[in-house]
């Protein structure tokens, strides 16, 4: 069983940081304001960094995981939100103007998604014959964040929100990877991080082009190509 | 020797990127790109002749050069060469001369990313390479900076990035499954996953494979994740459309194939194959429906790409020697044919000044030679003999009937007929219908550059040859790949 | 079933009865103090109740027996619930197994329900408006309240509040675990809603904005005093559940001596002061939401309750 047994307090902290990350995604889902999305994303990245630190402590102070925690806090928690903040600052919009799904309804659908994720991870856990609640936690949070990230991508029409939705998807995978496979080689984690950074830089350029050539960053205006 | 050739494969486009960024002259950049493409093509041909069917590992097992990778690299290099020739004649017509060096730099960078991704031995590095191709090609799709292009680029990057994040999820789950057998920290090479596969839990493998299928399937353009494909392929400049359709889709398909091999080794009951076949059949259905009522010429070609990716998916899903060999042969033929079609579409678009099929009339009368080539390509792409696609589709159909997927094979046959009729109906209209009004009749289309017509001929010729004669050596090569994918016996 | 326990049980009810106006006074005063005004005296609600008891009772002609029944039922319900929850002691007192957490919630809702009926009873327009709006808020809030109680039950695997209290005192892992913290957050939002702090703030004095006030617009004199006292007691009870069962389960009398009970009372007042200050702070930072947006904080609370329940299963 590749997962280390944890002391109860460490297990509680693990659950807390993982579910705090999930909660931040709900904050994004329940809001209309772009800067709230940003702060929630930054908070989620910090929660994931804390998660990595807890796992590092539980694996006998593994230095690689400490490094990942520090890099996550630095890059996903500070650099990425800064880049997106610069994007938002140059735009004229501050909030979602047209709602396809009201935030309150989004929260309820998100709650349903979490319950669904729990059911799926129970099935997986049973068929894998694993003990331990950590596996269920990891899978539930991972699947739930993916589902809610896709929900955000689908029902939000501002370009910046869609970018944040994509980053939320990657964050979800990071949460799952940290809990399930903390031994993943450091090189891969670093490359994924830099890949995300470059992706956000590309998004920034594209958003600028959208503003210049289409005039708005609302993707509801992107309906010229049909059929 | 293999290692040196692989380095050429990587360094040539990299050099083109660097020097194009430093140059100011568009002609120079185009020539440099062509030189790089020629070098890459020669290296790819040499690699496939030298390597035969063997596997070579480099760089502490991070680079793997085996037969499927060699084949995909060959297809990509071929399309790169043809597109590079075509771009010399096509790009000046856009009127963006000042930005052309950047275009060629991005072009070469795109080619580099596509060529490098099949060589990645590590599943996560392969994911990163595919993501890199997305990031680079977005700017190529958005090159013309019109509202439609930006819309297409935005849809492309959002849909594909969201899709391949699912693939990353699946990769993480595969790593986790492997960690039960291989320990918490191991290099996630394809061989390692294959070794761990027999011990992996079937539900986990099924779950992870479905995620990978949907994820990389978004990149390949399988329905229902294909929604970005018509937009991106139709709004990008024609040489890029050819690269996207002919080279990139194959590279993403390779990922699905490798994961399918791993999923087969695990004690699943054939559900992964069924899922792949279902998506392939759905792609054919969606493509058929949209081809019949299509109005834009380049979107027509894009949906044809969806169709052919569906055929390739069906081929790999059916398995067996005929299925896999047919699918791989289809990759090569489709790469040639789609380039031909996109080149023709680009030519007609520029000459007639419109993307709509109803504005392209009496094509044969205005441009005898290119039109003949294009019509031959249209007949080829709908799967008619004596061209290569006929042979590969026949092989796939045979595999389907042999391997208890008769329903899918029958559906494929019916839909291919529907597409044949629909697709060629558009061409009938373009070649032999009268223009809509007098003003259209009076307009004379612009002339086509020779650089734009020669690649079409260069693409058609091998297509004809490969259709009349499936070389024994190629057959043996593809059969070896089929056996190595353990697809021979269930 | 000793005499001491019976006396403690009576003392619990009397505590709620006697100190609920003090809590209300504290909250009102500190709301004003936070905004740098002087605010009414801490004991002003006592004076208000005294004044109302000495005023004339005016009964509408269209009122039926429900008009008389509703305040009495509400008041009695509020006297019953303190028997079930840990107010002064952390061990169950006589008759406290009459109802568990869910039963306590049910009785609280019974009181509100009767007052809604009374609002409809007299046939005035404002009564009707108040009743329908109050029921609307209740429709949004009650399922969440039930889910929170279910979450508490799943947390302790028992339905008695005392068991939850012991669990949280004994095990910091459970206290700091996500299930408990989310339940606290969900209950806090519900607390704001049920004790009508902003952003719901239903007790404005402008009739068309009224939600809860409009139900009791027809009441006067002693009946009005009883209704106001009942709502103050409901607030006190919700604070008690929040503090003694969830957030600050320490500070309750373990052995039931008189000194211990007195100490528990002082601790209770201290805890309430802390929570009241937090509530005042949260309230001052917000403005009143439009009615159709009441679903938003309640959806958030619902979500937190669901997450807490999910967290108990993990």
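Letters A, B and C mark the chains in the order given here, with residues in each chain numbered from 1 onward.
Just so we're on the same page, contacts are C-beta pairs under 8 Å (C-beta built on N, C-alpha and C of every residue); 3 or more make two chains touch, one makes a residue touch a chain.
A quick note: this is a predicted structure, and the numbers were derived from the prediction, not measured.
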Contact-graph distance - origin chain A, target chain B: 1
Most distant chain from chain B by Cα centroid: C
Chain-chain pair with the highest tally of contacting C-beta pairs: A-B
Chain ID, smallest distance between chain and overall C-alpha centroids: A
Distance between the centres, which are taken as Cα means, of chain B and chain A, whole angstrom: 31
Whole-Å separation of chain centres (CA-atom averages), chain B against chain C: 66
Distance from chain C to chain A - Cα centre to Cα centre, in angstrom: 37
Chain C, residues touching no fewer than two other chains: none
Interfacial residue positions of chain A with respect to chain C in the complex: 8-9, 11-13, 15-16, 18-20, 22-23, 26, 30, 103-105, 107-108, 110-111, 114-115, 118, 133, 136-137, 140
Contact set on chain B toward chain A in their complex: 122, 124-125, 128, 131-132, 135, 138-139, 142, 145-148, 150-155, 157-158, 161-162, 165-166, 168-169, 172, 175-176, 179-180, 183-188, 201-204, 207, 230-231, 234-235, 290, 293-296, 299
Complex interface listing, chain C residues touching chain A: 171-174, 176-178, 181-182, 293, 295-296, 298-300, 302-304, 306-307, 310-311, 313-314
Chain A residues within the chain B interface of the complex: 1-2, 123-124, 127-128, 142, 146, 149-150, 153, 159, 162, 165-166, 169-170, 172-173, 176-177, 180-185, 188, 191-192, 195, 198-199, 202-203, 205-206, 209-210, 213-214, 219, 222, 224-225, 227
